[in-house]
Structure formats: C-alpha cells, structure tokens
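Pasting in a structure now, in structure tokens, and then I'll have a few things to ask.
Naming follows writing order (A, B, C, D, E, F, G, H, I, J, K and L), and every chain is counted from residue 1.
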C-alpha cells in the first residue's frame, strides 16, 4: 500500500535507488491492539529516523487472574537508510 | 464461524447450492484497525450486494514523522452470487 | 514475550517443569476486535484456571446489510496444568 | 462462509456475544475423503453439542501393499459454548 | 500441472504473451467436496469466458444437528484475458 | 514499502480514507521474470485505473523439449477505488 | 497418524532405526479427488516398494469449455528404505 | 510416518473407522528440546489414554541473565478416541 | 497455469490418466535469477524426460567481499511419468 | 509462553509499557541443536542486554563426507529496550 | 548459511555453475532429535554422493504406552550433481 | 546451499563455532529484480562486514501511470559476527 498521487518535488529526491531496513519490535499496552502498535512505533521513533511503514506480524497477550494484562503486538518497521546511516 | 441455530424459513430458501465470490480490498483509516475495516466494508457495500463475511489478511500502516498516519487493513470480503450477477 | 525481571519467590515455585495446554476459541463482539478478544478470554476464564497467554490466529466477521454485525477473533489460549488437572 | 439471510427469531437469540471452541480431530475412512470427514464429525457429535462448522487442516492416508488402506482427514471443528459448558 | 504434448495449431495462437486473471469463489454442495467444486466452477462459467484452471484454497463446511449440511470449498479460478476483456 | 517524504499538496488530497482493491493476475513472457511482470501490469492497466502497487505471489513456468517456453508470474495488483468506481 | 496397537512380531523387526524417503507426485483423474489420489498411488506402486503413507499437498484442476476436465492432486508419498535400496 | 508392516491381529481390531483427537500442549525443560518433549508427553499421559503420535509446532525458550532458563516446545498430541470417551 | 485451447489430437493421447513426478533442484548462476533457473532446468533435462513445468520455491545467494557471487534458485520441476519409467 | 504467577514487586516495575526488539541470529555447533542454540544465545548476550526469549525459526546443517559437520539453528531473540537504548 | 571465508583453490573448481538436487527423507531414532537427523543423513550417504546440506522440515514421533517410542525428523537433503549423475 | 569442497585452510579457521546475524532490508531499482537485489546488497555492504548470504523474502513494486516505477525486493542478509562486533 502506498501514497496516492506522486508529486514532482517528491520524485526529484528519489533519483537514486533507496534501500530500506526492516527492524522487528514488540509493542505492548494494557489498553488494546491499536495502542500497543502506537507505543511500539513511538519507542522506535526515539532512535530511528525516517520510519516509513509497519506491518503487524503477530498479536499476543498475557492473562493474569482471567483478564488481559498486556497486549503484545509484533511489528516489522521499515525505515529508509540515509547516506550517513 | 457461522450463525447459530438455523430456522425453518431460512432453510427453505437455501434449497439450491449457492456460490460466493471473494474479493480482496484494503481499508484505510487514520484512527485504528477497527475503523479501517469498517471503512473498507462500507466502500465495498456501495457496489457489491449480499456482502456476507470478511477476513483480515494483513495489517499494515504508514508512518510519517514518527507517527502512524494511516492504518491499512487487507480484507477478503465474501458475497453471495445471485442468479443475475 | 514474557514477564520482565524474575523474582526469587516466583522461581522457587518453578522447580518442577510445568506443562501448559493450549485451547482454541473464537471470541465475538459487535463492537470491535479488542472487545471480541476480551469476551473470548472472559468466557474461557469461567471454566479454565491458570490462563497465562493468548495468541490471535485469525480475525473475521459477519456482514449484514452492508455493515459489520459481528467481529470474530480466533484465539489460542494457553494455561498451566496443575497437578490435579 | 455463513448462513444466508438472517431471520428475526434467530437474531433475538444472539443478543449476547457467544464464544465458540475449536477442537481438532482426525476422521478416518477406508472409502475416501468425504466419508472420513463424515466419520469424524459423527464421532465428535457423540460428545459435543452445538457443533457449528469444520475446516479441513490436512489430508493424509496409509498405504499397504501399494493400495490406500485409510484416508485420514485432519479437521478443526467449532462449536458454540453454552452457559453451562 | 499442464497439458502434455504441445501441438502445432495450439502454439501458433500463443505468439503473444497472454495474461490470466484469477478470481476467488466458494462453491457449496450438500453432497461432498467434488460436487462443491463442480458447482462453483459451473456458476463461474456462467459469467466468465476462457476458464482455464482452478486451485482449492480451503475446505470447510457447516454442521447442523451433528451432521454436515454444507460443504464449502474455496477455489481460485484462472481464466485467460482476451483482447476485448 | 512506500513513497518517501510526504509533501503538502499530496496530503491535502488524502483527507478522505481511500479504499483499495486487489486483483490477482498471471503475467507471462518467453523472456524472463521481469518481462512477465511488466506484461501482466501492462495488460491490467488497459482496463483498471489508478494501479498503485504489485506483489509477486508465485513464479512458475512451462518447459517444452527441456527448455523454458513460458515464465508465468502470479501478481497481486492494488489500485485505488475512485468515488465512481 | 499411525497404526493403533503395536504387536510383538512387528516390534522385533524394528530394532534398527529405519529411514524413509518422501517422493512428490501428481495424480490425475477425470472423476474426482479420491480417484486422482488412487491413480497417483497406484502408479507410484509400480516402481517403488514399501509405500507407507501419503499426504495431499495441493488440489488443482483443468477446466475446458466451463467444465472440469482433470483433477490434479499433489501428493507426498513416503516409503521405507530397505538395506538394498 | 507410520508403523511398518501391518500384522493380522492388529488389522482385525481396526474393522471400525477410528477417530483421533489432537490436543495442543507446551512441554518445558531446563535441559533441552528432547527433554521438554518428553516432559510434555509424560504429563499428557497422566490424563489421556491411547496417546499415539506427536508433532512439534514450535520451539521457544526463556532467557535470564543471558542464559537459557527454560526450553518450551509446542506439541500437537494425537490420541485415539475409545467408544466411551 | 496451463496451455490454452485444447486440440483434438492432444486430447486423444490423454485417454489414460497420467501421473507426474516432482523433483526439487537448486539452479545456480553468477548472472541472475533467470539464468539460475535456466541452468537448473537445462541440467535436469540431461537426465529426465518429459519435463513439463517448474515452480520457484526460494531465491537465495552467496555474497563474497560485499558482492553477489552466486544466485541460487530453488525449483520444483514436474515431469510426466511414461509407462516404462 | 510466560512466567507463572506474577508477584507484586515485579508488577510495580511494569507501570510503563515496555517495547521489545527482536533480532535474528544463527547459532552453530558441531554437537547438536541444543548446543547451537546455546552458542547463539551466549554470543548475543555479549552485546545485548535484557535478553528475554528466543524462538527457533529453522534448523539446518552442513554435511561433509556424508557426516554432519555443523548444525545451524536460526533464532529470533527478543530483548527489552531500556530507556537509554 | 554457508562456509565462511572462501579460499582460492575452492573457487577455481567452481567456474561452472553447479546444480544441486534436494531429496526428502525421514530419519528415525529412539533416542532423540539429533540422533534421528544423524541416522537419516548416514542412510542417505550410503547411496548419494556429494551430500552438502540438510534442513529440518518437521519433527514428529510415535507414542506407545505413554512414552515416546520413535522420534521422526523430516529432512530435505541437498547434494551437488556431478556431470555423470 | 553452501560452498562445495571444503579446503584445509578454511577449516582450521572454523575451530570455534561462529554466530551469524540476519538483518532484513529492502533493495529497490527502476530496472528489475536482479538489480534491486544488487542495490540492496551493495548498500548493506557499506556498513556491515562479512556479508555471507541473502534470501529473498518478497518481491513488490510501485506502479505509476500504469507502469512499474520501482521494484522493491525484501531480503534477509546474513553476516558472520566477529569477536569485536
């Protein structure tokens, strides 16, 4: 899935063929799946620049006393490598 | 997963063997996964009759400036083919 | 994904090697995915002790008149077997 | 895949959110795949109420003297949990 | 899996590189798997020309009162696109 | 994988949440995999607007007299649904 | 899936650890899936001794003029290696 | 994979078509994978009769202070259903 | 994916139900993926008759001094069994 | 799979939602699978803190002169990200 | 996974592009997984030259009287085809 | 897939059991799949030493105005960890 209509400025910066790296994380939350994803992405953004997309790889959770204590969402997160990376 | 207890009226209308078609779409939302599913189903319902079930095939999203801009949920959507379809 | 730092009391009770059982259920909800998971776990907790983790195996739903009537989330639920089980 | 047209009586009984359990069996037959499925379902129906759907997970068989002696069909079988289950 | 020995007449009509489209359907039957496949293909043939091959993607069914009421076979069906399609 | 840096003009046109459709085709070529992909995409572009991305699902081919006669590449092709589609 | 109750005579012949080989074939039939499996196994039994089990890997078929002309069933077939093989 | 040469006595007891049930467990051990499997099977054998085969579904483990504390092996375990089960 | 329009002569030679065998090879090349496939098929054709189709199972390669030295493409290759095979 | 009974001290330190990172390694050994896992984990522990769990992704090996020279076990290894990481 | 540093002598013998064949076997052992792999490889080495690598495809076993009687490990084994093979 | 004939010098340097790390990248190219792989490997080689093998995980691309603008190839890249890494 990609952005919609390409625009001129964007294209000119992509003359060279970029390489992306994909890192795998697990975001957690006591609230639900969406929040676990957001927590994981926010944490990854602290140390990685140019985050570009994510993909959910698995959804799990911990149960304590018959109730969900933690949602744990596995994520692959892609980011563009800059020249200096 | 199916409806629960069959009832008489329903059964009489299923004497013939129906065929279903499955189409694949990607629903998007800025809010979260559930809303991306609802958006996708609502859009499909504009042009397809007899939508019957869906199945999530993948969950992805776009990240801009370290934050999730779009949730993108892949869906298989099944619908019953009528005689005239 | 596991608990974080082990503590002494907990460890002493794990001298013996535990066995876990994994059961598969489908939780349903009219509201969304998170609630379908919670409903399924709550129902499983009525009859099973020591529920420990879950994993989502599939996400489906029913559509009626172009709108989602039921979210149906397949779950594997793990629980520790006690000596008397 | 689901039942077709919902009917009023059926819907009123689904006010509460049901949970289903999925059990895995292997049905066998000397005749063929369809009969192995039917044998497995018939056996499961002896001890489980509210059987609702099945899904074939694998199809195997035994060969003796160059001929198929047994068809063995792996099945996931779903059934609705009643309040008393 | 393909036809066996190519013959001259057939080859001359394949000078251009054809494109095929793959559609996904679910055929149903009260009798068994083979018949569910045949029903699905027959229905697809009412509206699509040049059907060429199918592949079974999943085999499921509905159970009512402990007996199989419907076999439901998921199929990918491939057909050749003509110039006018 | 997505476009790189978002730009203002593009973003303003994405106020609404788009839905994409995914169609599956098989492109063929006597030359190789890349050309089979290009042939398939070119054919799809004759009848579908707003093609946006593709994903290879399988790579097969036909062999005649010990040589590859046709490369056949399965493709999922995604395209944005316009309001009028 | 295995034979049921082991018997003495059989066990004494299994003192050594056997190795099995698995070969992959495609059985075909104009009649249906079960017959395609039987045809494939019968053909394999012409040249391989000690056939022991099979597993269906895929089910496909060819369509001509809107009707199924051939069922094609992929099979993995296991057989025990004798000392002389 | 199955027993080798069938013997007469065994066959006479299999006149009826048996059904098997498959349960999923996780065996654990501090020593290694083989022991985790044995622990899981031994625990299952305390409550289930006629255990017949197992299949490893996943191999995981816990790490504490940079060393493996627990091997955790997911297992599907099949057992034959008796008439009274 | 299959040949297109069947012709009379071909059909008459398929009165009997053929069986195919599938063998797995790895073709290699220093040039690229297409050539690795061609190399593998050419080698298989030296010893196997009636090669009919191939399917790519995986694409790997070796890197030496930061450059790709070998492309290695896993292939399943199907061929028709003759009566004498 | 998780630790068993949560304890108070542990829980208080998990007020915040942790994020984990998953890295993929291949451990090798001339002895066997368990040792290859231990070697890989020990090497990872030299540079990564807070290793928490592992999962085996594949088991391969090298053969020289008809004997296994190296067991190679693919592992996903999860570790908790600290604030300073 | 591959050998480490290439050396000159080795490289000169690989001027031509080799093809490998992959055969599938099942090794068995009463002792454990490692030994089942070794037994399978040793047996394959009796009839196949140039064995080069293996990959575990599945791990199963037989249970008799509540104890594991046989470990059965599925293996893909790759070997280089010589000119004369 | 591995190097062919081991040589003495190489073996002496592998007395210790090496560990490899696997990183995931996406290489892109406007030309085709092979070039996207080469671009990705070349970029990875700028920052990682001892790159040893790669494996293609997925092949995708972007379409603009009905033509492929970018091929995007997902790659797992393995490299040997040195003592100082």
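As a working rule, a contact is a pair of C-beta atoms (placed from the backbone, for glycine too) under 8 Å apart; a residue touches a chain by one contact, two chains touch by 3 or more.
Just so we're clear, the structure is a prediction, and the values are computed from it rather than from any experiment.
Counting steps between touching chains, the shortest path from chain B to chain K takes 3.
For the self-contact between chain B and chain E, the two sides draw on mostly distinct residue numbers; the shared fraction is below half.
On superposing C-alpha atoms, the copy chain H sits rotated by 120° relative to chain K, to the nearest 5. Note on chain placement: the centre of chain F and the centre of chain L lie 25 Å apart, centres being C-alpha means. Centre-to-centre separation between chain J and chain L, using Cα means, comes to 22 Å. In chain I, the residues that touch at least two other chains are 1-3, 6, 18, 20, 23-24, 26, 28, 33-34, 52-53, 62, 70, 78. Those residues of chain J lying in contact with chain L across their complex are 23-30, 36, 39-40, 43-44, 47, 62, 64, 69-70, 74. Residues 26, 28, 32-34, 58-63, 66-68, 70-72 of chain B are the ones touching chain A in the complex. By the touch criterion stated above, chain L contacts chain I in their complex at residues 1, 3, 33-34, 37-38, 41-42, 45, 51-56, 77. Interface residues of chain H facing chain D in the complex, by the touch rule stated above, are 2, 6, 17-24, 76, 78, 81, 85.
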